[in-house]
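Both complexes shown next keep chain A, but they swap its partner, so chain B is in the first and chain C is in the second.
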Partner chain A sequence: MTESSANKLLNGDACHRTANGRKASKNGFVKNHCLFQQPHKYRRPREKNQNVTHNSSLYKKPFSESFEETPLLVAVLTYMGYGILTIFGYLRDFLRHWNIEKCHVARERDEQKDFVPLYQDFENFYTRNLYMRIRDNWNRPICSVPGAKMDLVERVSHDYNWTFEHTGKVVKDVINMGSYNYLGFAENTGTCADAAIEATQAYGVGVGSTRCEMGNLDIHEEMEQLVARFLGVESSMAFGMGFATNSMNIPALTGKGCLILSDELNHASLVLGARLSASTIRVFKHNNMQSLEKLLRDAIVHGQPRTHRPWKKILIVVEGIYSMEGSIVRLPEIIALKKRYKAYLYLDEAHSIGALGPNGRGVVDYFGLDPKDVDIMMGTFTKSFGAAGGYIGGKKELIDYLRRHSHSALYATSMSPPVAQQIITSMKIIMGEDGTTLGADRLRQLSENTTYFRRKLREMGFIIYGNDDSPVVPMMLYMPAKIGAFGREMLKRNIGTVVVGFPATPIIESRARFCVSAAHTRETLNTALEAISEVGDLLQLKYSRREQPLPSLGWMSEESLLQD
Partner chain B sequence: MALGDCWKQLSWFYYQYLLVTALYMLEPWERTVFNSLLISVAAMAVYTGYVFMPQHIMAILHYFEVVQ
Partner chain C sequence: MASGQQWVLVEMVQAFYEAPAYHLILEGILILWIIRLLFSKTYKLHETYKLTEKEKEDLIEEWQPEPLVPATSKDHPSLNYVVVTGPPSHKIVIDGKECINFASFNFLGLLDNKRVKEKALASLKKYGVGTCGPRGFYGTFDVHLELESRLAKFMKTEEAIIYSYGFATIASAIPAYSKRGDIIFVDEAACFSIQKGLQASRSFIKYFKHNDMEDLERLLKEQELEDQKNPRKARVTRKFIVVEGLYINTADICPLPDLVKLKYKYKVRIFLEESMSFGVLGEHGRGVTEHFGVNIDDIDLISANMENAVASIGGFCCGRSFVIDHQRLSGQGYCFSASLPPMLAAAAIEALNIMEEDPDIFTVLREKSKQIYMDLQGTPGLKLVGVPFAPALHLQLEKSSGCRNSDMQLLRSIVDYCLEKHVVLTLARYLEKEERFLPPPSIRVVVTIEQTEDDIQKAVSCIKEAASALLK
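Then we have the complex of A and B:
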């Protein structure tokens, strides 16, 4: 979807060629001395396979991503399914409006019917008529640690998901394929939990102030120095909430007259932060370096919209791993572009810190690059460290500036001490400074699990998006009824999964998202894979049209894959 | 045994039909409405075909001068 339209964009440029082969430059067109040359032949890709890296000299190991294209029949049937649901949605809204059926949605009182409307009825059409019908797949209450296995509270609904009741029973030992528990630190026993208990006994749980007033504890300073050492940057600062880190710090970094170039599929926190900052925002196609380069060149040549003054700064905002696609950012190419065009880079490593790279230091480690090339490294502690909160790392002047000017530092309560202690302990384990090999074992287990899980799902015939090394595995479902059916069937087989539909994904590309964890053993993964295969056959989810390599060599092929 | 297998197979096909047309997400009375509409339209199409097919076939054969 993105790649073929990017190709069409590039081919428009390729048509303006003069006789001697050099591009005629007209007013308003930028000459094409691009760093990353666009493909000149019109190729309609069967799949959006990004295996061909145009600049393979920048990558030390093969970068293989694939986003197989939606089969046409499946797309048509999905639209038909949504059409039928829309028609029945209109019918139900009609019945509700004329009071033939009981209306569970919030409405104004009768005395207020003449006022300006308070509730926007049509905006919630999707929520009322599509989301509510399969709402039992989300917000399931968990009553244990969300580790590799968890316990769920059993709920039942008697009025088609408008209200739920707890039956009083607990579903035990549900395999957890949905939590962001990449290194398995979500546990209530072990060194991390013991250290957190000690911290609670020393400091209490609440801090009772903001960082800049009375809330700056020595445990925060220790944690920030540790984070800076972990990332390989000069200094870092931590905040209580990952979403707030993005949305409150981007306004402190850019303002009016600056340009933000953000990826198409950036997270809501980045989009919110960019909008709050009042900078101009331009969006480039997902992970597409030609699109980014074109935007950069146009921005530098044309300047600000009406005055044509040069931009005060240009900030490229990307994520390490995109959690809905499972794709990894093309960091070497972005750094090459950033250096050439003198822009700044903001890297959001929410999912990739601790999960990628031989030492667990994130995307920068995965590609073998220098952390000093990334101007602002942001990340969260929620995913791989089993805590909560976010951090920003960079040069000392930048972090000192943020300490004084960030909204989060000035107004938000600082991080709770047991959470900070959990971060310190888990980070020391990952770095290997606690004297055991637990960190290295977990990192290796995670990458083995990822490779195994992805390979097995591909072999079974499902359409899996994303890079082969990313622990986030989105599996395509497409049809709206299969979203609900998949979630429920997996729960019947005691596996908890996350299913995602519109508006988090494009309307026909709904998916189930698995998060592989180092806490999963090979047996757990095999159980899960069997159940997924069974449900896939029952629901006819094996859409992939690629030929699978023959599984002839068995143990030998598995070993060669693990050698990486 | 064969009838049991046949019933299972039909039941699986009905389940696939429910999933593809998104009837799986609808309440039972909505499924009844949709199924009856679909069956009545299909029945009307079959009946029209049954009534008019001989005339259409005669017209085609007349056009190709197979029969006068």
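Then we have the complex of A and C:
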């Protein structure tokens, strides 16, 4: 793979880069054996523009993702903001210590005062002095369906967020930009709800045993067969909790002497699962194929640390859509790497199943790939299907093995029947097996909404992270004070949004996150966008320094991208 | 002596002057050579170890990973699960046959309860099924808050926190408090979710013999000596005892009053897992604390699932706000997981209502447990493990054949025999390689209040028949 062939690729010439590279490497003629290489070396971490599609021959359609760099002034001000908050935190801790300021923190029992403290004092510094100031933006109780609009329980705090009191009033019809209700299946009427009602009447809500003992109901088997069909895999197994699907099944698949290559932004459940498996874990840069390839090569060449024995297996663990970045995994490249280096691939489609692809079948469908190329297809039912739990799909041998070795199958109570029914009904609608086009309509609506919402926000001058097709839309706020202000100002305008800061994000990259849903109508989105723009002006959030309008983003044609 | 030495020096200098130039140059070079040898490495490591691209490529071509999962035989017994049609309640339909259920943990018979179902339906009609978000991001429903305050009130503690999965409850709670460097004392018979919590915490784990307070005290004393040697470290090392109320693996009860004594003597905190005892033991079903009359504030954290007696899904932790509130930001299974579907929370609330209205059900349950315990005594070839008031007992082989597989086979044949006679039992299932202390193979016998006198008699005679026919 020489420089000239790489140039050809960028000119849009369909050149089979993978095949080429392998052939060359066998003969040992060319110096460069890597599948993916860039002319320049690693991107520096701060330089986060990923507009250019590398290896475009692997993609069937434009793949455009952007992470605009943090403006320097904003970064400096953000650090200063945290500095000031920390100084005040220490000051107030000092005042609390001398009982000048009233201390609201719950105390240890008097009988146990001489025990080793349950928490280190500095551990809670952040919670006490920073989080507590803006705590009202999280855990807001709701009292309706988490659909396009929801009702919030009104609450007030008389002691600066240490305790909340419910006023008994309800804030009606808040536009919901926070729930992961991508396809709008969070509903209390309609086909899904009716079917779930029937299932409740027939089965009750509990199960009272594990799958392996006496908790394997016919409804579970039906659901699993449907899930396998939906995913296009041989077999599948469902579990009662999405988080546990990861944390309790990875240990069944890998163990000592195995290597897990994990994306740096993987979800906590994947990290926990990897840790519980006792395998060696190495982390590659987010969605960076050069970093992954380097780790793969080094791992195979050098083997296990110290003993230099070859690794038993190598498992690449990635997510479909990263929920905090809004980025989509570079699956075609990962599959090429995985085949080249004989690694296994674990794909977590928690956010992407249902939300991506022309048929709603996740990232594999989105890129038009073969589901058989992914060894372990994992996903959750919580989001697009409006249910709860998770699944693993793959080859029959894999699922048969999990049925006997998954921690969840042996020790955890199986899924509640009405939840299973909700999955069956909503999945059938998405597949069009109910004989209607309602599912297809939802999918189309979601993708239209996503494009519209992302384009509008970008035009307004906000910094938006992630892939143009991802329904998860993170919008940068940066400064700690703006986290609270944004959440509150939006709620004043009757819009519920999610704001996140450290430790869920890097310290200076606090953000708001919108989840676009098929249930949102154009008017709903317009109302939300107007409010966002208004608050954006108020709080000076329109940081983007890109030229407006942007010809190369959002509505670009294929040619313009390849010329990029 | 001194003059002699001086003479040698003078002679050396003289020799230096007289020596020919080439000799001096040669010596100079030699000295430099020695210096170079002294300061340079004998050989360069990285040069010899560096692989060429070709060699790397060959290595990559050569490497063959193990298969993702080992090949399995098709007829493995646990591969094909028993299929239950309809609700797995008292009367259960297996392979089209209606049987009496002695296998599901439906202690209070609430699984198919009409009132519970109605409340769940009402909730479903209001909120739909899923929550579409974690508790932090619009996944907190008013029902969750109600359930938490009801649980706290029921248990007479300050605060309760709910999880959406029973297994994840204690497995998340332990690592929220115990970190690297801390010490946890655990009973050997602790269930699998506790073991996973311990593993996730990365603390030092010290196992004591099952229910052996002397062994525990020995470990605590050892630790006390260790602490005296290094008081600075001891001041920041948290210590915990983790025990179960009623052990799911052995069906016996922990000696809680003794544990509380040890707690204050050695200043260790107690975490109590009550999945089997919540809604079972005590006059009002509050579990082991009520059973022994121990002050609930003396237990730092109580965790239980709502999947057994409560017959819903999920789990909860309760205790003082000082302890429990910490999990709202540090409990992984709480923060990073979607919240419990509201209809399941509503079902749990209604179950609590039933339990509060009629505390007699706990007495009934204990009576039935005792009866089965008495009746199953003297089964030929089988021994009954557990305490008389435990609702989930184990039947183990009196004499093991020495091979786990053949023991399992034998017990399975008893289960199959009973199934023929319309009595549903199940083998207790474990991950044999992953359990820290693997319990011996056993048949579970689960009591529920719905089982009538006749049902119990039928089951007991079935088991006895099977045992005398199959175990010689």
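The rule is simple: the second predicted complex is superposed on the first by the 499 of 564 C-alpha atoms of A that agree within 3 Å, B and C clash if a C-alpha of one lies under 4 Å from a C-alpha of the other, contacts with A are read in each partner's own complex, and residues count from 1 in each chain.
Keep in mind that, in the parts below, contacts are C-beta pairs under 8 Å (C-beta built on N, C-alpha and C of every residue); 3 or more make two chains touch, one makes a residue touch a chain.
Given the structure is predicted, the values throughout are model-derived calculations rather than measurements.
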Partner chain(s) touched by A:Asp218 [first = chain B, second = chain C, both, neither]: second
First (chain B), second (chain C), both or neither touched by A:Thr70: neither
Touching partner for A:Tyr82 - first (chain B), second (chain C), both, neither: first
Partner chain in contact with A:Phe385 - chain B first, chain C second, else both or neither: second
Partner touching more residues of chain A, whether chain B or chain C: C
Which superposed partner A:Thr524 touches (first chain B, second chain C, both, neither): neither
Which superposed partner A:Lys482 touches (first chain B, second chain C, both, neither): first
First (chain B), second (chain C), both or neither touched by A:Ser544: neither
Sites on chain A touched by chain C in the complex: 25-26, 28, 31-33, 106-109, 111-112, 114-120, 127, 131, 138-147, 150, 153, 176, 178-181, 185-188, 192-193, 196-197, 200-218, 221, 240-244, 247-248, 251, 253, 267-269, 272, 275-276, 297, 300-301, 310-314, 341-344, 375-376, 380-383, 385-388, 397-398, 400-405, 407-408, 410-413, 415-419, 422, 496, 498
In the complex, chain C residues that touch chain A: 51, 53-54, 56-57, 59-61, 63-66, 68-72, 76, 78-79, 81-89, 92, 101, 103-106, 110-113, 116-117, 120-121, 124-133, 135-142, 144-145, 164-168, 177, 191-193, 196, 199-200, 234-239, 264, 267, 269, 297, 305, 307-308, 310-313, 320-323, 325-326, 328-329, 332-333, 335-338, 340-341, 343-344, 347, 424, 426-431, 434, 444
Residues of chain B touching chain A in the complex: 15-16, 18-27, 30, 34
Complex interface listing, chain A residues touching chain B: 77, 80-82, 84-85, 88, 91, 130, 133-134, 160, 479-482, 484-485, 538-540
